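There are two complexes below, and they share chain A, which is joined by chain B in the first and by chain C in the second.
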Partner chain A sequence: MSFEMFLFYAFAFLAVFSAVAMIGFVRHIVAAAMSLVVTMVSLAGIYVLMHAELIAAIQILVYAGAIVVLFLFVIMLLDLRDGGLGPAARGQNLVKAVGVGGTVTIGTLVVASVSGVFSVNPLVESLPEGFGEHRALGIALFTDYALAVELVGLVLLASIVGAVILAKRKID
Partner chain B sequence: MILVVAKTLFILIVVTLLFAPLITWVERKQSAIMQDRIGANRADLAGMTFLGLLHPAADVIKLLSKEDLVPAGANRFLHALAPILSAVPALIAFAVIPYGATYRFGDTTFTLVAADIDWGVLYLLVIGSLATYGSVLAGWASRSNWSMLGAIRATAQMISYEVTMGLSIVGIFMVFGSLKLTDMAVAQDTTFRVFGFLDLFASLPAGAGWLNAIRLPNWGIFLQPLAFLLFLTCIMAENKRPPFDLPEADSELVAGYFTEYSGMRFGLFYMAEFIEVVVIAGAVAALFLGGWAVPYLSQETITAGVASLFGEGFANLVCMLIHVGCFFSKVVFLVWLQMLIRWSFPRFRYDQLMDLCWKVILPLSLLNIFLTAAGMLLAQQIAPGAAAS
Partner chain C sequence: MEAEAFDVAALAPLGFVAIGALVTLMLEVVLSRRAFVGEGVDPETRLVARARIGIVLAFASSAAIVLAMYAAIYQFELGFETAFGPGRPMLQLDALSTFATALIGLGALLSVWLSITYLPALRINHGEYYALLLLSTAGMFVLVSAVDLISLYLGLELTSLPIYALAGFNRRRLRSNEAALKYFLMGAVASAVLLYGMALLYGATGHTDFTGISQGFAGGGGLALSGLALVIAGLAFKVSVVPFHQWTPDVYEGAPTSVTAFMAVTVKTAGFVVLMRFLVLALPEMGEKVSVLLGVLAGLSMLIGNLMAVVQDNVKRMLAYSAVAHAGYLMVGFAAGTPEAWTAVLFYLFVYLFMTVGVFCVVIALAQGGREWDSIEDFAGLASQRPALAAVMTLFLLSLAGIPGTAGFMAKFYLVVAAVDAGQIALVLILVGTSMVSFFYYLRLPVVMYMQKRRQDPDAETSSSEIVVLALCAAAILYFAFFAQADPFGTGVRALDVAGRAADFLH
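This part shows the complex of A and B:
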């Protein structure tokens, strides 16, 4: 097993383990959010192994660096100090986590073995020139997918306006 | 492999063991000078105080020998994790900042940067965004109201300023056409014509040809002066030092998010803050002050000049030493500037802090992107690469 494959499986294990930990067996809600961060960072590691470095950077910057921090901010504002996840809920959550995780895993395995994904090495070596670099991605986004980018921008603008209106109504 | 380890160790040792302790001394001395006090001069070895230079050593001894307290009811694991999460981003941020150019000695070619990655600037932003966790977890895990308030303030402040920090340097990416810090430094090792934009209107009248001789270094600060001010403000706010120190506001929150820390765990927060001062200086120098570039003396000029007298290998060595010296003198200057700002301005009010971010810096950085784009279009009209914004 090459070093890259070893890293791939290490990150994959970390991602899955901390995802299960988040919904399953972590006592505090803040610790759950931190397990989510571990999942995000491991996913970023997998992206780097797949030569999608820009996606990896954005993954950490946006998900680990901003969105989960916002989760923590809300948790602290609501002052959910004593967990909010009681011992009873914990057990139930573990059952749910194992159930959902198991179903998804088995489903993925079935689909993957039928479609023959297993014979493909996840860490491809032959890649087009500039694959995963910001330059290639930027050019693709602003030429081939310009309309989609503009539409996403419009949707984001609408949601910002909506958020401001909702927040303002409360203040008024 | 050995080269990579050597380069990494060099920058780590310079930043953490040389700069960080010295900065604690500079901070004390500069505040003393600015407030007309004599300042740190009590620690002595056999009566010799060495201008207070022994104080950093005294600090370390004191921090190491203090009792390590964990408040009752604190989450022990997260309480221990928070100082580490605070210090690690500060320690690894310098990896992408080049402190020298690419040099060739015989068959080996090397660039003086620990990790020369394509998305160097993004890496800095990523590290900045992860640094938030240290203060957030410290505040939450301590189970103290002061810490909690500090953590809430820190979260809101750092998230807000991350957004504007990223936006404020988009102009720099556009001008240099790269996210790679080594490419940016090479691009800044030239000069540009200050009055190059006049070509757009008419050819110069006779006798005004001397205008073409006025050149400035191709540095970020001259090409993007607005971006420089905005970026410096944002990155200093990210470091949470005065005048942006609301998360630890001593007069309101005792010490904010790290109130409940003592001994070396407190020391890690303290160290992270001072290392970040060096990282900020390094990042601003690399992006806006030409990195290792010596103004008006490009790498070729230096090597060619020295090589004609003493041979090529020696010329490369001299050039490397000059560049490294130049980079660190810029870092020292920027550290001094940050100290000057830190001891000159009183703390913001919280609403002022948020207003500054969302109502001043955000629109100005968007405006800067717009103006840069317009300027670059115009510059392309004159001649490719004649002058930028």
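This part shows the complex of A and C:
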């Protein structure tokens, strides 16, 4: 096993483990959010191994950074003194997390071994020139995926309008 | 040709509703500013001003939808066929997509008309309603022409997000909030399932466009198959096929009835059309296995939908389970998978639109005083007080049950014929058997309306916009009961031929 393969499986394990930990093991809801950060960063590591460096940077900036910070703000606004998770809820969550995580993992392993994915090298060998750079991504977004970008704009508008109408303090 | 790839005229329907959404959004701001200058306006004046603004916005959104429908019908008649998307095709504009666009436009238009008096009656007359409705319609236009997993996903999100908000639009009502939250959470899970399936499909085939997937599928194997199953599951959630239907009764009941009518007809049309295109384009080879899978979903939906509908006491909940059952009937056409079956499915969706909008319009016509009158007891003795309303309600219910002399019967008839031709005898037997069960709960309402004494006294009037919708739906149901294949007025248009042309998108 090459060093890169080792890194790939290490990041993959870390991502899955901390995702399960987030809903199952941790005692405090802030710790759960931190556990989510670990998952996000591990994914960023996998992106780097796949030579998608820009995506990796965005993953850390946007997901591990901005979005988790937003989660933390909300958690702190809610002011949960017992960490938001009573002992009973924690036990239940552990069962759920192990159940869901276990099912998904076993299911994925079965499918993966049947379809012979393990014999495939997850890391790409040869890539086109300039792959994963901001230039290649920018060109793709402005040419092939221009329509998709416009549609994302509409999706964002819809979610903002929806959120405002549902969350606005005063309705008459 | 590069020039054609940028053919903006192809996107006219989408453009009209998207611009319409922006215009209504801004119009609301401008008009409210003029109406509510200063703080000292008394609540009564405010309410009147709001009602006026609501009417203006309803007109604006109707205009946008009518323009979009006109463009779609024009494209359909031209035999428009073009792949849109600079560089790589994201949307395929053809007979199927223009047909579905016109159909969804019609559903949206009727829902707008339903809302004109209903929103003030529930005191939820906010301008954002129409903008959200138009944005969701735009999402469905994308969905029905999607030929790439990316545009499929974006279309689905643009369809769903406004509906999550619309389901919770009646913020004073706990059930409405519950509906929005439930639909949002379960919809998010369904989106995750769909995305996971897409990731697996992309990983297995190396393509995101449907035709590319079909080429990559040759070496298929477990990875592609599980991706396929997850994508089908994600789409099945949107059209409420068992076992992905659990959200349906709660959301149908909790959402404002005009929203329920909107999502019942348009989301179902869009979801089934995109599923159709995906199955036909991405899996031309996979006949047998997929057909068994779809057959199982169809059978389960028909059984569970019809049986659960029997025990409901709330009309909207009953109609939710009936929607599950109808999704099952439509899936029979999917399991058959022949061109005749696709024609029958499209014709069924067309007829289903009128029956469903009609039924929900009656529920809306009963609403008053900030409350819905939607339990079965609320319908008691309706015939003595509002005989015309009871009569059209009976017609819509008979059509949903599929009794001869209504369009619902013809729709089921073509579906059954196509399924028998394709050799799906077991599914046809389930369809006929569960339809018998459905007579019980559909006919319960007419019995209550005609045979019982009036207990409550809603004195609401049926508004003129509601009368238009009811008359249109009733007329369509009677017309297509007899003239699905004929052309008595010499218009040169036969409903079944139109559906057949739309279903012919393969060639």
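Heads up, the rule we're going with is that the second predicted complex is superposed on the first by the 160 of 172 C-alpha atoms of A that agree within 3 Å, B and C clash if a C-alpha of one lies under 4 Å from a C-alpha of the other, contacts with A are read in each partner's own complex, and residues count from 1 in each chain.
What we mean here is this: a contact is a pair of C-beta atoms (placed from the backbone, for glycine too) under 8 Å apart; a residue touches a chain by one contact, two chains touch by 3 or more.
Keep in mind that this is a model prediction, so the values were computed, not measured.
*Asks:* Given the touch rule stated above, what does A:69 touch, chain B (first), chain C (second), both, or neither?
*Replies:* The first partner, chain B, only.
*Asks:* Which partner does A:137 reach: the first (chain B), the second (chain C), both, or neither?
*Replies:* A:137 sits against neither chain B nor chain C.
*Asks:* After lining up the shared chain so the two structures overlap, which partner does A:98 touch, if you call chain B first and chain C second: first, second, both or neither?
*Replies:* In the superposition, A:98 touches no partner, neither chain B nor chain C.
*Asks:* For A:53, is the partner it touches chain B (first), chain C (second), both, or none of the two (neither)?
*Replies:* Touch partner of A:53: chain B, not chain C.
*Asks:* Output check: A:16 vs chain B and chain C. Expected answer is one of first, second, both, neither. What do you get?
*Replies:* A:16 contacts neither chain B nor chain C.
*Asks:* If we overlay the two complexes on their shared chain A, which of chain B and chain C does A:7 touch? Say first, second, both or neither.
*Replies:* Touch status of A:7: no partner.
*Asks:* Of the two partner chains, chain B (first) and chain C (second), which one does A:145 touch, if any: first, second, both, or neither?
*Replies:* second
*Asks:* Of the partners chain B and chain C, which touch A:37 in the superposed model: first, second, both, neither?
*Replies:* In the superposed model, A:37 contacts chain B only, not chain C.
*Asks:* Which positions of chain A sit in both the chain B and the chain C interface?
*Replies:* Common to the two interfaces on chain A: nothing.
*Asks:* Can you check the complex and tell me which residues of chain B touch chain A?
*Replies:* Chain B reaches chain A through residues 75, 77-78, 117-119, 122-123, 125-126, 128-130, 132-133, 136-137, 139-141, 143, 148, 151-152, 155-156, 158-159, 162, 179.
*Asks:* In their complex, what parts of chain C are in touch with chain A?
*Replies:* Those residues of chain C that touch chain A are 18, 21, 25, 43, 46, 84-88, 90-91, 126, 128, 131-132, 135-136, 138-139, 142, 150-151, 154-155, 157-158, 161-162, 164-166, 168-169, 171-172, 180, 204, 221-224, 226.
*Asks:* Spell out the part of chain A that touches chain B in their complex, as residue ranges.
*Replies:* Checking each residue of chain A against chain B gives 28, 30-31, 34, 37, 53-54, 57-58, 60-61, 64-66, 69-70, 72-73, 75-77, 79, 81, 133-134.
*Asks:* Using the touch rule from the top, collect the residues of chain A that touch chain C in their complex.
*Replies:* Interface residues on the chain A side: 111-112, 114-117, 143-148, 151-152, 154-155, 157-159, 161-166, 171-172.
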